[in-house]
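Take a look at the structures below.
Note that subunit A is present in both complexes that follow, paired respectively with subunit B and with subunit C.
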Partner chain A sequence: MMVLLDLALAAWLLALALHVVMERNERSAIIAFLALGLLLGLVWVRLAAPDVALTEIAIGGGGTGILLLRAEAALRGRGKHEEGATRGGKLAVAAGCAVISAGLGFAVLALASPAPTLAPAASDAIAATGLGNPVTAVLLAYRALDTLLEKVVVLLALVGIWSLAPDGIWGGAPEVAPAAVPGPLAWLARILPPFGVVIGVYMFWVGADAPGGTFQAGTVLAAMWLLVIMAGLLPPPDAASPALRLVLVGGPALFLAIAFLGFIVADGFLAYPEGFAKPLIVAIEAALTLSVAAALAMLVAGPARKAPAR
Partner chain B sequence: MNGLVDIATMVLVSMGAVLFLAGALGLLRFPDTLSRLHAVSKADNLGLGLIVMGLLPQAESVSGGLKLICVWLLAQISAATASQLLARKIHRDEGRS
Partner chain C sequence: MTAVLQPGVLFGLCGAVLVGIGLFAIVTHPALLRRIVGCNILGAGIFLVFGAVARRGAGAGLDADPVPQALVITGIVVAFSASALAVALLKRLSELSVGEGRAAEPAAPRSET
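For the complex of A and B:
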């Protein structure tokens, strides 16, 4: 029975991926891509990886999807699109993708059985971190450097988007709310955020011991903030606002500070002193969650459209 | 007793699944956007409600059951709002043409 479900999921995933690539209408392709993210989340659940499933649905499906939709809406009606790649170019890309897929497939099939794994070593050392969720232990203790760089990349992406603003209104606020906010949207923006904030904080808090974590929680919080801004209940912040920039930089900055502190109080860069690992990790995660939430919301909000208030 | 509860779960979840199927059929077959919207929102609200009701007796704890109900309520709120927004847009577009 479960094999049948897995086969159906795999077939569905392939068909949907093909549809995303082949679809000529950009908006339909993006919506299919959103569905692909959800489906991929289900596949991760079947692979017993709920942490990855949550991140895939939040970032891969929802976050990227809305970014693409807004980009498409901004580009629509700007006259003729540039002519796409030539036939030869498309064939070259297709061949490259096919080679990579075949190589990956070969690599997976050629893995020794049972596959080499660090899982026992990781779960043996988990007691030292004070965490219950091995995924969080990997992200914030064993491979903390990767996580740190990951969050910095999000900030770099935001700098890239902000740089699209014309010089005259640099540091200003984006425009997200429509001229006339529809009643149901305003209603949702009043009803949903209390739930959303609780769920976001819960996802961050539970991440230490169960599936959840900074990116998932940050996405939910970002969505709530965006909803309130889109409904015109709160103005979007100026990109130059010190409070916004402090929140954005706070997570990675605290992470870096604690990482350098490791030279003095522990064994080196990114090492936690014994017995203090869990409180430090939770503090980093709290700051990172806020940074990720602010960064994701501002990514979706886009570059400035109004001059900053001085 | 346990068997009865399991049967209730199976019946309710199957009914929910049938409603989702009907909603999907409506989405594919109905002629205009408003009726398609109607089909999907029915399936969402009632179908998910039946599935949640069927799963409630299987919940391991009270808080687990409450989470299930919250999922249904949140899905209701978002589906209702999305339908309203879509319908409003359709209504306005039709008025213009």
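For the complex of A and C:
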């Protein structure tokens, strides 16, 4: 039975991906891509990775989807077009891509068996962290350096986007709300945020022991904030506002501070003192959740369009 | 045949095909926005291959190896940041080229009919 589901999922996934690439209408291609993100979430559940499934649906499907839809609306009719390839060129490229896919597929079939795994190591040491979710333990204890650097990458991308604003309005606010807010959007923006905030805080809190965590929770909170801004209920913040910058930098800064504290009170950089691992991890996660939420929302909002209020 | 139907293998193969489809869009599609979408499809394919590796690494009471899974979560967030930057650059590019088009024919009254 599960095999049938798997085969159907695989067939849908490939058919949708082909549709996204072949479809002429930009908008329906992007909506198909959104559906692809949701299907990928189901695939991740079948791969026994509920944490990844939540991230894929929230960020890969929802976040990227809204980003692309907004871009499509902004570019409609004047999008940049390169010259299309000739028929022969397309065939040659298709053959090349097929060879790459075949090579990768062959590599998947030829993977070593029994597979090398770090699962025993991850589950042996988990008692020391006080966490119950091995993925969170990897993200915030064993491989915390990756997570720290990833946060920096997100901030760098945001700096890159902000720096696309013209000189005169540097530090200003992005333009997110449409000129005329549709009624249903305004209604949803009043009804959904209370539920969304509760769900986001819950996802952050259970992330220590069950699927969930900072990225997923941060995305849900970002979506709620964006919803309120898009409906025009709150103005988007100035990029120069100290409160926004404090929230953005707060998570990574606390993470770095605790990492350096490890030199004094524990074994070294990014080491947690014995017995205090869980409270420290939860503190880092709380600050990171807010930073991720603010950063993701600002990434979608884009560069400044209005001069900053003085 | 049954070995291919294991989720760890089937979706790995699926990921391999997605990589090809994404790459084809990046190279050949005339619209630049669709090339960014192609980048995301390619990335999703690579993540799936990685997920297949994680699924095969089940052990010690866990259904899958958590280390590749955590790396995929990191990867998804970084891919989103990269897409956001690419989209912002693309919007700026189209604004600039619209500006150029107007500068080239400054005084001429707009006659679109």
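What we mean here is this: the second predicted complex is superposed on the first by the 286 of 310 C-alpha atoms of A that agree within 3 Å, B and C clash if a C-alpha of one lies under 4 Å from a C-alpha of the other, contacts with A are read in each partner's own complex, and residues count from 1 in each chain.
One rule holds for everything that comes next: a contact is a pair of C-beta atoms (placed from the backbone, for glycine too) under 8 Å apart; a residue touches a chain by one contact, two chains touch by 3 or more.
Predicted model, so just to flag it, every value in this text is computed and none were measured.
Aligning the shared subunit A places subunit B and subunit C next to each other free of steric conflict. In the superposition on chain A, no contact is made by A:Met1 with either subunit B or subunit C.
In the superposed model, A:Pro182 lies in contact with subunit B only, and not with subunit C.
Contacts of A:Ala127 after superposition on the shared chain: neither subunit B nor subunit C is touched.
Once chain A of one complex is fitted onto chain A of the other, the partner contacts of A:Leu109 are limited to subunit C, with no touch recorded for subunit B. Draw one line from the C-alpha centre of subunit A to that of subunit B and another to that of subunit C; the angle between them is 90°, to the nearest 10. Contacts of A:Phe195 after superposition: subunit B is touched, whereas subunit C is not reached.
By the document's definition of touching, of the two partners only subunit C reaches A:Trp44; subunit B does not.
If you count the residues of subunit A touched by subunit B and by subunit C, you find the higher number for C. The overlay of the two complexes leaves subunit B and subunit C separated by a minimum Cα distance of 18 Å.
By the touch criterion stated above, subunit C contacts subunit A in their complex at residues 4-5, 7-25, 27-34, 36-38, 40-41, 44, 47-49, 51-67, 69-74, 76-85, 87-94, 97-98.
On the subunit A side of its complex with subunit B, the touching residues are 182-185, 187-188, 191-192, 195. Residues of subunit A touching subunit C in their complex: 3, 6-7, 9-10, 13-14, 17-18, 20-21, 26, 29-30, 33, 36, 40, 43-44, 46-49, 51-52, 55-56, 59-60, 63-64, 67-68, 71-72, 74-75, 78-85, 89-90, 93-94, 97-98, 100-102, 104-105, 107-109, 111, 113, 115-120, 122-124, 134-135, 137-139, 142-143, 146-147, 150, 153-154, 156-158, 160-161, 164, 213, 215, 292, 296, 299-300, 302-303. Residues of subunit B touching subunit A in their complex: 70, 74, 77-78, 80-81, 84-85, 88.
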